Amino acid sequence: MERLKIATVWLGGCAGCHMSFLDLDEFLVDIADKIQVVYSPIADVKEYPEGVDVCLIEGAVCNEDNLELLHQIRAQTKVLVSFGDCAVTANVPAMRNQFGLGNTESVLQRAYIENAQYNPVIPKADGIVPKLLDRVLPLHEVVTVEYFLPGCPPPADRIKAFLGQVLAGQVPKLAGTQLKFG
Amino acid sequence: MAAKTLTIDGRQITAEEGETILQAATEAGIKIPTLCHLEGVYDVGACRLCLVEVKGTPKLLPACTLKVAEGMEVSTDTERLRKYRRMTLEMLFAERNHVCAVCVANGHCELQTLAYSQGMEHVRYEYTFPKWNVDNTHRLFGMDHNRCILCTRCVRVCWHIEGAGTKNVAGRGGKSQIITDLNQPWGCSESCTECGKCVMSCPTGALFQKGSTVGESERDRNKLEFIVNAREKKQWNA
Amino acid sequence: MTNIATPVTPSPVAPAPAPHPSGDKRFKILEVHMKKHQFRHDALIEVLHKAQELFGYLEDDLLLFISHKLKLPPSRVYGVATFYHFFTLKPKGEHTCVVCMGTACYVKGADKLVEAVQENLKIKPGETTPDKKVSLLTARCIGACGIAPAVVYDGIVTPRQTPEATLEQINKWVQA
Amino acid sequence: MILNDLLQLKEKELAARKKILLRCCMAAGCISSNSTGVKEQLEKAVAEAGLQNEVEVRGVGCMKLCCEGPLVAVEPANEMYVKVTPENAPSIISALQGGQANVDQTDPNAAFFTKQLSIVLANSGIVNPERIESYVALDGYLALHEVLNEMTPKDVVETMVKSGLRGRGGAGFPTGLKWGTVAKSPGSKKYVICNADEGDPGAFMDRSVLESDPHSVLEGMAIAAYAVGADQGYLYVRAEYPLAIARLQLAIKQAKQMGLLGAGIFESPFNFNVDIRIGAGAFVCGEETALMMSVEGKRGTPRPRPPFPAESGLFGCPTLLNNVETFANVPAIYRKGADWFAGIGTEKSKGTKVFALAGKIKNTGLIEVPMGTPLHTIVEEMGGGAPDGGKIKAVQTGGPSGGCIPAQHLDTPVDYESLGKLGSIMGSGGMIVMDEGTRMVDVARFFMEFCMDESCGKCIPCRAGTVQMHNLLDKILKRKATARDLAKLEELCDMVRNTSLCGLGQTAPNPTLSTLRFFRNEYEDLLQPDTFDGGANHSQTVTK
């Protein structure tokens, strides 16, 4: 049987969801013959490949790079999964949205100048440092998302339950505390 | 008191006259989701989560204020009601900034619990990301308007259990907010008795004990019931 | 607040009106008005109307005065004062321009009137110009639909307004 | 006061009549066009011509054709001058002695006037609203006398039931049934409240009635109070109607002085006091439970019903709530009989209905027509159609709680059921005509914004749902929405309608739903193709 092509992506988030993914421990070994990780921050692949079956996306859409990559993922992936609260709700990264549109400058000012202990400078390099979006968005406000895996981060057993259902050929369906935010 | 016989979710139930559907259902072990309801204070029927279907009535009615009647046929868990409940919860999450991950009430929040128990895995409505303040001026307590769902439990306990009338709702519509006295910093309130009942009553992380960090805000609602029973019924069973 | 219907008992003996510490006579007039209503709790809105009529707007000191006299918690007085759009907690300008935004006025172009004033004075509805000369307000319907679109200039209802006519009136105030 | 005094007063007033009567409109609309100046100048011109003994200049209430104000009517010549200025006064007075006044006239035999049937507005534009004698001269307070002296409260309720009158505030609840429920509710203290918080934008019927004929409302309230056993009444009027408030205050004072209100009315044991409560700009206070909160001096937030006000209302006592137009119908019903009233209108909707006709229409103003009159008659024949040769596209009834009826349904008779079938409501009587230039999505957003601003904030569906629906309508208008946004909007409409606590929220989706029903293409034309790419179905498995 052909292995399921799985990707994991890290947009605007803290990487906690990926840490939790690694907490799957031996389950990762158990499923190694059923899946093939074709793209991930923990694998050295430069370009998001074509024909991905399932993509777990961590993080909110915060900047232009996130936006572009997300559209590419959508075009090249069968099933998108919002992986963790940042992807599902925009969570902590979106707290800057409260400062209204046009908040990016003041946010950068606060982070890189006012709170800097050494060398206060706002990083700017066209083509290298991506521009922040006016509003941080959850994935489903940008593209169609098939499944949602909430949690900050989603505990390993929740990820396991989800992947287990997917690999068993079922429609993944989480319920009860498995859907808890935070 | 006369007894009334009625049906809830297909089960025959006997309830006392004057009881609400919510009370009758709870006694029968049927759980109806609630959010603005709080044992010990009167009900306002505002959150609309406890809406039920009553045979012969086109309108959905709140179980918390609806009195039992002979022969009533009530459904509390239809597909339609589940859909509306989920939508109501989604609206609440989209209305203010409920960031569970960094909330004092994480894990002990009624809003959060309802969301997962009603199967809300994401919010389909656009988040509005309004700007709300946190009032940290009180020496013991804080109020984070970002987490407030305007259930008015705090207002009701402050008026009708404590009797101080420190808290109230100001403004209206989406701009409504819970205020202290003349909308002044809580720390400057002259009427606040610092009894902490409002904090005990809050279903979310909007009202909290200072110094508590993420997930630490567990509330002892039994205290409220204890006080009400003591004051009104003269029964001190802790 | 509350939907418990509490029968309201008037204060048994109305205290003799003591002069307000500020010496402002309007407080005394207000107190006489409250006395007329026997300091009843259910007269709160009537009292707020009178207070706004006397003072132009409801500042904290005034709300506190009312709350003490009616023996109501300040939170109740503030909650009521902010629920109703007719009450304002901020001072209004010297002149007020109230554009009716009722349906009849709206379909006859009231939104254009608001836009014109907004652009001209650089203030939004509900705001006052920095020089405190003009306040721009909108009304939900002043019931003058037969003469739409209507604008109320300093309390005077004026029929069939155009952006030009409105700006002319505003400019008169600004230049005065 | 006893019956004889009342009749004497009437005789005296009738005897004082002069040969010629000039009626000058002093309702808010005409006053804003300086009818006060017109009246002053007319009086001056009469004096200068030495005609004081032959000509009476009477300030009256609304004469209905508001768009042509200030209006001056001449009796017995049956003429009506329009757009009168103070400078026109001498010309009008000299015309009384023969000749032609150099002032525009309108045809009193035009359909706008002849198709009207006045019950509620029968005195409007005829009596002087600032003189109780003027009302008494037209048999005012005679019905109250008869009710108090010849009928038991039970008879009064029965007559009301027989008349078939239904609440004119919007929902059309049978008035007699309501009176009967309050009358039967146990309790020694009961209240009667008149809802004059006419908040629908585009409605001014109640304002006109209060400004033009305040005593008919007071008399109606007194009869109702007798029927249900109440001794205290409240008139809840919007603060935006200062003239109506002033005239009511005056009317109450005059009625009290004559013993027609207060203690021992007509020297019977019946007491009835009326106090005015002034609203403060909250549309939701038109909802009965919110209104009662407001009368109690509280935030005007509604509460769930049951219990209904008839059992537990103001201060927890049984309370009867009717609106201005409903009460204004009452005296005529007792003067002329329930059968007479029931003979007017349709099978299920009796009597007449007053509409405030406004918007893109030639003749704006007040009309009162028998229930069942087709919309077409109202807007085309009476209203004269769209101005400047335009075409009527839709008629909006019921304000923010109502709907838009498209031109192809103008043959619909106005009654509670027919309008309901079209997804609109009778409402309190605002009727806004829209022409081809009106964008229906814009109208839907206008009303949604209204409801959003006016939501009290108590229940979540209305507080947060109106915001979401408004944002979606805005997104559609800005051409940023897709078909899935429209689907979301429709889902929200259904939810908010079914789950909101009070009428405001329950009906807030109506303008959107009705424009979607009849003008869906206008929504679809604004939609953008879905840039969301084709994702897989939600319920799909992902095995190879």
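Just so it is clear, A, B, C and D label the chains in written order, and each chain counts residues from 1 on its own.
As a working rule, a residue touches a chain if its C-beta (ideal position, glycine included) is under 8 Å from a C-beta of that chain, and two chains touch if they have at least 3 such contacts.
Owing to the predicted nature of the structure, the values given are computational and were not obtained by experimental measurement.
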With centres defined by CA atoms only, which chain is the most remote from chain A? D
Counting contact pairs per chain pair, which pair wins? C-D
Between chain A and chain D, tell me the centre distance in angstrom, where each centre is the average of that chain's C-alpha atoms. 57
If you average the CA atoms of chain C and of chain D, how many Å lie between those two points? 24
Could you give the separation in Å between the centres of chain A and chain C, each centre being the mean of its C-alpha atoms? 51
Any idea how many Å lie between the Cα centroids of chain B and chain C? 34
What parts of chain B, by residue number, touch at least two of the other chains? 44, 124, 126, 169, 171-172
Among the residues of chain D, which ones contact at least 2 other chains? 282, 299, 303, 454, 456
The positions of chain A in contact with two or more other chains are 145
Over in the complex, which chain B residues touch chain D? Could you list them? 44-48, 51, 59-62, 65-67, 83-84, 87-88, 91-92, 94-95, 124-126, 128, 149-150, 169, 171-176
So, in the complex, the side of chain C touching chain B is made of residues 1-4, 60, 63-64, 67, 72-79, 82-83
Using the touch rule from the top, collect the residues of chain D that touch chain C in their complex. 28-29, 31-33, 66-67, 69, 198-204, 207, 238-241, 277-283, 289, 293-301, 303, 312, 314-316, 356, 358-360, 364-366, 396, 399, 430, 432, 434, 438, 443, 446-447, 450, 454, 456
Where on chain B does chain A make contact in their complex? 93, 97, 99-103, 106-107, 112, 115-117, 119-124, 126-127, 129-132, 146, 215
Of all residues in chain D, which touch chain B in the complex? 282, 299, 303-304, 306, 452-461, 463-468, 471, 488, 491-492, 495, 498-501
